[in-house]
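In this document, chain identifiers A, B, C and D correspond to the written order of the chains, with residue numbering beginning at 1 in each.
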Amino acid sequence: MDQTEIQKKIQELQSLAEKSSVDIQSDLKRLQEKLSEGRVTPQDLWKRVLLARNSDRPTTLEVISHITEQFLELHGDRVFGDDPALVGGVGLMDGRPITFIGHQKGRNMKENIRRNYGWAHPEGYRKALRLAHEAEKFGRPLVTFIDTAGAYPGLAAEERGIGEAIARNLKEFALLKIPVICFILGEGGSGGAIGIAVGNEVFMLENSYYSVISPEGCASILMRDPSKAPEAAAQLKMQPQDLLSFGVIDGIIPEPPGGAHTDHAYTAANIKQQILESLKRLEQKTGEQLARERMTKFLAMGRFVEEEGSKQNFFQRLFGLNKKN
Amino acid sequence: MDQTEIQKKIQELQSLAEKSSVDIQSDLKRLQEKLSEGRVTPQDLWKRVLLARNSDRPTTLEVISHITEQFLELHGDRVFGDDPALVGGVGLMDGRPITFIGHQKGRNMKENIRRNYGWAHPEGYRKALRLAHEAEKFGRPLVTFIDTAGAYPGLAAEERGIGEAIARNLKEFALLKIPVICFILGEGGSGGAIGIAVGNEVFMLENSYYSVISPEGCASILMRDPSKAPEAAAQLKMQPQDLLSFGVIDGIIPEPPGGAHTDHAYTAANIKQQILESLKRLEQKTGEQLARERMTKFLAMGRFVEEEGSKQNFFQRLFGLNKKN
Amino acid sequence: MALFSNLLGRMFSGKKPAPTQVVPLKDERTFVAQKHSCPACHTHLDEGELERNLFVCPQCSHHFRITPVERIKFLSDPGTFQEFSSEVQTTNPIGFPGYEAKLNEAKAATGLADAILNGFVQIDGRKAIFSIMTFKFMGGSMGSVAGEKLTRALLTGIEKRLPVILFTTSGGMRMQEGIFSLMQMAKTSAAIAQMELSQIPLFVVLTDPTYGGVTASFAMLGDVIIAEPGASIGFAGPRVIESTIRQKLPEGFQKSEFLLQKGFIDAIVSRAELKKTLGFLIDTHMARLKVR
Amino acid sequence: MALFSNLLGRMFSGKKPAPTQVVPLKDERTFVAQKHSCPACHTHLDEGELERNLFVCPQCSHHFRITPVERIKFLSDPGTFQEFSSEVQTTNPIGFPGYEAKLNEAKAATGLADAILNGFVQIDGRKAIFSIMTFKFMGGSMGSVAGEKLTRALLTGIEKRLPVILFTTSGGMRMQEGIFSLMQMAKTSAAIAQMELSQIPLFVVLTDPTYGGVTASFAMLGDVIIAEPGASIGFAGPRVIESTIRQKLPEGFQKSEFLLQKGFIDAIVSRAELKKTLGFLIDTHMARLKVR
């Protein structure tokens, strides 16, 4: 976020001053601090991590209900069960059919027990894949919402092959001949997140994060002190601006000044606008192009060094560009 | 079996007289009776049902070990478990790779507890489908061995969707772009049997049966007396000659005179010969032809009457033959 | 069968058939047997009121079994139903003793030729194909005719690029047709495989009860599978399972809600919502086909 | 990295490279730490005898962890290994504090550039590609380099129509590379998707231990998945799970035998049988490709 953007936010916030909740006030203060310092501190970043985890943030089903006229949740993996922590279905958005899938957190303790706090089991990922294939069969775009601390690290999840379920999704999503658009709504936690995030375009909400490991996990492994999570969060570079600068994501969805939880409708409207924009681009392409571009995009992920010229040669050779022999 | 065949069998049996076990003697007697009467009685048929269930008959893994030089059993459905009652793997037969799947019964109580008497659970059918797709991917023919009283009628099988698992196999087997050759080894019990029996060519061993319901089940439902199973077996027309005359199967594999259990090697050799013959025919065809012929074959199953000409018109219309408009 | 006009014959001649006059089948409900009270909550019910409520108990939402004609009435636009494939008629393929007599009994009792009825319909203006089973005809058992008619419904969907909606209810395969009845599982599934290639949507509505070979074939092969609330759905029947495992089955076993939790159906939809849901499914699944 | 010749560079120039001289890595086994006794059965073992037995305990069949070089020795024809893609080298993509130091330490300890080694090999005369991970290099953690090299192994298999055999061992993704390391899961899986389209076979050999993002990507995507006996394989580590479910894990949890029973691996193959099995798998999976 550059200075002008922050300036703009502050103005927005001030115009919202009448509704001023404690949240907005504290956010305002935080942003002003950022502006004065010229750069954010680990503590600033940490507030955004907490914002990403705020239990009042819009959930998958809420976003869907905001952006569709009609939606039918479709259940089940057809082999073992239906996972309430990873939901999906088909909806009409401005009259156009779209398949949605996403992690689903609860709003309160009771809901969260049912939703397992958005930690999905293998059957959730298998349902997601089933619905993705259903979307492909009928030529519908797929929109996914990522909001999980991770895949569930439990005995039953291991027994039923959580690794296999995520792995299969990664492979099969690469092949889908439809537009796939992904949004990190809040927490984008590791394998559990990427299991439904192999998209042609991937976006993050302004206060979301997306990371290979939770900051707490990183802090306890590398610093042997989970309370150093804020430092780890900063070191992991897991926030939208970081990932955008790495070229790992394609854009950042603005949240209302106080955070997404202060205005679900506004947040959802921004998401809807992005879906429409992305579809305008992606629907120009054939299914084969979409799959190929998605695959090529992920094949190019990673940073390393190598001897002069060899990488280019390698990919040239494999993808038939400038073929010599 | 016509008269000459029966005559031939009696000669074979007599030449085996030195090894004469009680089995052979009784079979001899049975066949001589058949010959003298000119037709079989329900009691004759019932003996063959018992022969189909004989626990010394060659099992799937035994047949495979007889007909392959090398075989690797491949396990698991990749979602829930590995079913010891329905096995499969890849083997080399005369140096040519073939995928095998089949129900597996035990030889004794201990083995049968492990194999659940050849009553498979959903994970067995899902493993079968996985291996069938693996065979298709690598262009190997698929050979299946059917030997089950039925899919397991238990709580866990229902919970994990035994109906779904069989249904999916029926659909997916219809689409396989490889030769699929099926053998009813012993019991061909209802949905549990047909779940791996959608083949381009289907054969029955001489003393096997293939039926929509067990004779006991039929007797207890229709005659309210399970002891009337022999009568029901005769009424159900479930034996090789019946099914061959109906056009439901493609041939009968001869067993040694006393039954398949008296000579596994001989039985297996006959099966192998049939596989080689069938492959000679089927490997002439493209994958698309194989799938189309298999599908058309099963689409034509059933007997009904209808108004003059309409059936022909219906299929002509659908399969584009003699298209008028 | 004289009850329904033979549409298919007319289709061949190219003439557009008039909407068919449908006549209600005899009552399929448990209502009468229960002396005018709901079998689930025992509330006394008035038959007229019950019918106005689509044969759903206003007290406890128990969904009574209904006839194909009632399904047509509740779920399609008035006057749009046009039967087809009624020319397919039952024979005794393996010469099973007593089968003809049983068939005649069932025909007399229901006015139907067999356990399934096909027709073109419109759902709030959207064209579709219905294939509807009835439990009253020999327990909805599936023989050659049901298999053929279902197959024709599916293949007609491919030919005319129309979504197909199957309503299942069955005790299983019809044992009087021996191996031919078993083959209907493979036959109908092969037709669905053909649909898969053509990307024509298949919607299945599971109704009470759906068992046996029907559950182990087309009932579980819908692109979307809906169940009516409280329907019993399974492969093996509860008594068979109890005698196998030698213990009582848990409460709610094999009910729609159980199947939803176990991951085998997409949604449970009440009869009152079903027409709207089917229309929505057509809209969301036919968009690409319409563009072409 | 100077240890292994840069094959890829030579491939581009069209020259046929000579077989590479390989030098053993430092010991990856728990053997030394256990004072020359088997950690499973505590039998005293002689190192020479153990090596002759492929580092499998002769008493209890415990499979010791071995180095990539030992795998090459035990599983491929002598002198046929030719490394490729060694030019891909690690950087510090997100500027993670202390990462360089850790890398240098691991390089010094193992003589390898990162946790994975690619090469062409022959197995009883059959050509194949090996991609071998080592736990000794930062716990076999998967960063950009491991992902890139694995991807090159897979894509080279497509290009040259050679079967690819992956040997996995990993504690998970390399957190020091942040999001780039997470992306390797999608990257390697996309390469396998590409293989799927090309119908080139991928065989995975799971070795002790294989965890985290590796298990949730390429490790579970083999056409055939083999495990060494007694290997620990899972997504979440046992301590994480115990702290989640607050109870002790059952005996044998996440071992090869557990995965076989749960349906996630095709077979458990002892080290002594592995070369023969891989040869057999190549024969049965490459037949069609050879015909073309």
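Convention: contacts are C-beta pairs under 8 Å (C-beta built on N, C-alpha and C of every residue); 3 or more make two chains touch, one makes a residue touch a chain.
Here the structure is a predicted model, which means the values were calculated and not measured.
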| item | value |
| --- | --- |
| Residual chain clusters - chain A taken out, nothing else repositioned | one piece |
| Inter-centroid spacing, chain B versus chain A (mean Cα positions, whole Å) | 50 |
| Whole-Å separation of chain centres (CA-atom averages), chain C against chain D | 53 |
| Centre distance in Å when chain A and chain C are each reduced to the mean of their C-alpha atoms | 42 |
| Residues of chain A engaged with two or more neighbouring chains | 78-80, 160-161, 164, 168 |
| Multi-partner residues of chain D (at least 2 other chains) | 196, 262-264 |
| Touch-based graph of the chains, sorted into line, ring, star, complete or other | other |
| All chain pairs that touch each other | A-B, A-C, A-D, B-C, B-D |
| Chain B-touching residues of chain A, taken from the complex the two chains share | 78-80, 122, 126, 160-161, 164, 168 |
| Chain B contact footprint on chain D (complex, rising order) | 196, 199, 201, 223-224, 260-267, 277, 280-281, 283-285, 287-288 |
| Chain B residues within the chain D interface of the complex | 70, 72-82, 90-92, 96-97, 123, 127, 134, 137-140 |
| Partner chain C, residues of chain B touching it in the complex | 151-155, 157-164, 166-168, 170-172, 174-175, 190-191, 193-195, 197-198, 210-213, 217-218, 221-222, 235-238, 242-243, 246, 248, 294-295, 298-307, 310-311, 313-314, 317-318, 325 |
| Complex interface listing, chain D residues touching chain A | 6, 8-9, 12, 14, 87-91, 93-97, 143-145, 147-148, 151-152, 155, 158-159, 173-175, 177-187, 189-194, 196-197, 212-213, 215-221, 234-236, 240-241, 244-245, 249-250, 253-254, 262-264 |
